[in-house]
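You will see subunit A twice below: alongside subunit B first, and alongside subunit C after that.
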Partner chain A sequence: MTPSHEIETRLRETAEQLLREKRVDLFLGYEKASLPFRTTPLFLTCPQEVERLAWNPFCAANLAVYLPRLFKAPADARQAKDAPPPPTVGVVLKGCDTRSVVALIQERQVPRDKLVLVGVACPGMVDRRKAERALGEHVALGAGEDAQGNVHAVVEDGTEVALPREQILASACLECRSPTPSIHDALLGEPVEAKDPQAARRQTAEFGAKALAARWAHLRQTLSKCIRCNACRQACPMCYCKECLLDQTRPRWLGAGTDISDVTIYHLVRACHMAGRCTECGACVRACPMGIDTRLLVRKLNQEVEDLYGYRPGEAIDATPPLSAFAMDDPQDFLTEP
Partner chain B sequence: MSQTQTVQEAAPGKEWEPKIVAFLCNWCSYAGADLAGVSRIQYPHNVRVIRVPCSGRINPAFLLRALQNGADGVLVSGCHPGDCHYITGNLVARRKFALLKELVQYAGIEPQRVQFSWVSASEGGRFAGIVEKVVEEVRKLGPNQKLVKTL
Partner chain C sequence: MTEKTIAHTDLETFLDRLRAAGVVYAPAEDEAGDVALTEVSPTEPVVLEYSNFHLSPKGFFLPQNQTLLCFKDGKAAEPSPPDQETFLFGVRPCDARALLALDQVFLDGEQSDPYYARLRATTTVIALACTRPMPSCFCTSVGGGPGDGAGADILAVGLEADLLLRAQSPKGEDLLSSVADLLADVPCGAVERAEERVRVAEEQIAPVRVDNSAQRLRDAYDSPLWEAASQKCLACGTCSFLCPTCHCFDITDEARGSRGRRVRTWDCCAYPLFTLHASGHNPRPTPKERWRQRIMHKFRYAVENLDRLFCVGCGRCIRNCPVSMDLRSVLKEVGA
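Here is the complex of A and B:
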């Protein structure tokens, strides 16, 4: 594993060069945030400011979410004539973020030739909620990483508390099957192996082994916390629709409140829309203010897509997304026969 | 469609009857259902038919919304693979359906409440048979209480 500070230095060099040589108009990265266990997205336009770029175990956010809106064409054709040409954008991408960008390119939401993909082999990112839980009663004032890659927090009395990585990594990172970007224009850091490729399968198998009623009870209990803030949708790089089906009012497909029936259907529909598209970056889980495992249903559908149609989202740009395609001999044993 | 309309409850004193919302494609299954009627084939009267241009028009949200508004089960029927009026509508839909069926089951909803089938315009008997089977299975499950919205 390459130490973070080395990657950070190389990242700044790369960004500086790209901006100076005008190969990109905009560079997307992370900046140190004022709160511990966090970073904030950084939009750089001039090479003098690359020192603001950061790389540490808290760069969890998926920057791919900002890309579609940078390339969105004006809705009005008259405006489109005078619109400025689309920018070229450099962007820092971990394994999961790369998968999102690949999926966005496939779905024609971002043009490949306008992007410079700076991939970083990702050792896994810290889930701030897990880190806060691991600290127990202590309150973190700061957090950092030493040269060996151990994460620590500085708590209220000034002492340093070591936090073992495997305890505080985000669940999406523990399940990640391709932490090293497969497609990139520059790759920083030594390639990283997947930690536990079967982790997601084990989780769905465990949930699926429960009785029907128990599954329903578990789902209801999980979703009863949902406040329908739609943060999971906003944070998701694959949810780029101009108008969401669930926001429509004529007809209104779904109530906007927290009625448990509406909440359940919201999550079921979201899972349907994500099937074979979700790149498993965990952005929805991070965004959820109520700590819901928003990936519960999507995780299963993605595995189902892989089993039925042999497809994993975000692997290859020239692949056809499975739900835009078909085969004459697709399995249909689910059909009702008289 | 702009306001929520819950399917009417059964009159008091009457035995519960399952309500099935059937989404039938215009070109095959709707004609199949028509043929069943014209041929005077008897089948349970529990289905409420909604005609759609193609089974490819079905959005999973339609089916979930039907269940939310008081249907005890939904049935989707389209042309047999290869017979689609729009060539490939039902083939693309088939993948969506397979996933929805799996999702519903995984989420803990009885999979028999969401059923899919292919019925051609000449298969009036087959349509009647499928409706019989769906109604029978849903009757066994009892009223749908999981997704129904109660205010």
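Here is the complex of A and C:
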């Protein structure tokens, strides 16, 4: 595992060069946030400011979410004529984030030739909630990583607490099948070994083994916590629709509140739209203020797509997403007579 | 102002008395291990040491979904008003203080909102002084503090063997006199010990500069900083929905044929739809205007119009923002 500070140094050099040589207009990365166990996205345009860029085990956000809006054409034709040319954007991407960008390129939401992909081989990111919980009664005032890659927190009485990585890494990272970016224009860090693909199936297998009534009860109970803040949708790089079906008012497809039927529809619609597109980066889970594991349903759908079509989203730009294409020999034994 | 103490051992009896009069919500651990305001059963242990709840208690007064009326074949009827008392025990002072802000919006004389007024009148708030502030807390900079009782009916301060109870409203006075047999006179030194506990908590809270924020924000209206600050906002509603003072709402009709209901739901100024006109025009077309509105509403418009900051420094928006935006740094950057 390449130490984070080495990657950070190389990242700053790379960004400085890209901005100075005007190969990018904008560089997207992370900077230190005001609270421990986090970073906040950084939009850099000036090579003199690259020292703000950070790389540490808290760079969890999937920055691909910002890309579609940077290339979105104005809806109004007259405005489109006068619009400035699209920017060239450099962006820091972990393995999972790269897969989101691949899917966005496939879906023609971002142009490959306007992107400089700075990939980082990712050893996994800290789940801030796990870290906060691991501290128990203590409140972290600061957090960092030592040369061996162990995470330490400084708590309110000034003492330092070591937190074992496996205990505080995000679930998505503990099951990651693609920690090293598959495509990139620059790659930082030694490639990281992928986890056993079966690990990512454990959650859905356990869920699937339950009786139908128990599965429904579990979903209802989990979703009843939802406050419909839309954070899962907004944090998702693949949710880029100009107008979301769930926001439409004419007609209004579902109620605006937290009636359990509306909440259920919200999550079912999102899961269905993500089938064969979700790269399982975990952005929705991280964003949810209520701690709902929003990935469960879509992971199941993704596995069905993989089993039926041998396709994993975000692997190769020239691959055709199966749900966007038709072939005569498509499997169809799941179809049932009405 | 009545001031009494109650022994920790009598707290259960106290809550039982409240249960006889209505529904009681008190701090208890949920299945995820977080302490939340829960409708506790008499056998469930009440937690007194906790950092603030994940959700603010504003939903008790302004429910996220509220049926305003039901209609059928051209006739409308209001749903029956709440007929029982609700007691909230253990609300933190920041969240109690937020009720004063909501009162100014919803209980403004002729414009009073009957739905809010009813829930406010039938709910008793017993605040518990905060002993576990978090790094995101800044109540002391926005007029409150860990031992502030404003907005509550009773303020409780935890001591070693008992709680110091201080009535903050006529309702609180009545409640204390109704349980007088459980209460003791304040022993010598208890007030000082309570003050000391509050002071220890106060010292853990870092100050944020908000003085003269209205004037400074007025000057910063066209600042390029809004564009920079809003760039990373994802336009989700986490900050508003968790905020104890955010109160903007939407009203929609949910109808099936000629019958249905009119429902009020929370809304959020970060949403593109929030100010979208029927014509298609949107006066706040980009995240820049929306983000500016959020800050301006809390730290400028509310001050100019209602003479109150609409922020109680609970820090929920800071702790829960998916991209770790911090309103304190934005305030600092715009010189507010």
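In the analysis below, the second predicted complex is superposed on the first by the 332 of 338 C-alpha atoms of A that agree within 3 Å, B and C clash if a C-alpha of one lies under 4 Å from a C-alpha of the other, contacts with A are read in each partner's own complex, and residues count from 1 in each chain.
Going forward, a residue touches a chain if its C-beta (ideal position, glycine included) is under 8 Å from a C-beta of that chain, and two chains touch if they have at least 3 such contacts.
Worth saying up front: this structure is predicted, and the values here are computed from it rather than measured.
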First (subunit B), second (subunit C), both or neither touched by A:R38: second
Touching partner for A:P322 - first (subunit B), second (subunit C), both, neither: first
Of subunit C and subunit B, partner touching more subunit A residues: B
Partner chain(s) touched by A:D330 [first = subunit B, second = subunit C, both, neither]: first
Contacts of A:F207 with subunit B and subunit C, given as first, second, both or neither: first
Which of subunit B and subunit C A:D259 touches, first, second, both or neither: both
Which of subunit B and subunit C A:D247 touches, first, second, both or neither: second
Subunit C-contacting residues of subunit A that also contact subunit B: 249, 252, 255, 259
Residue ranges of subunit C in contact with subunit A within the complex: 32-33, 51, 54-55, 64-65, 132, 134-136, 204, 228, 231-232, 234-238, 240-242, 250, 252, 254, 263, 265, 268, 271, 273, 318-320, 322-326, 328-329
In the complex, subunit B residues that touch subunit A: 1-4, 59-61, 64-65, 68, 75, 81-82, 88, 91-92, 94-110, 115-118, 126, 128-130, 132-134, 146-151
Of all residues in subunit A, those that touch subunit C in their complex: 33-36, 38-41, 43, 61, 65-66, 133, 139-141, 156, 227-231, 233-235, 247, 249, 252, 255-259, 283, 286-287, 289-291
Sites on subunit A touched by subunit B in the complex: 204, 207-208, 212-219, 245-246, 249-255, 259, 261-262, 264-265, 268-269, 271-272, 275-276, 297, 300-301, 304-305, 308-309, 322-328, 330-332, 334-338
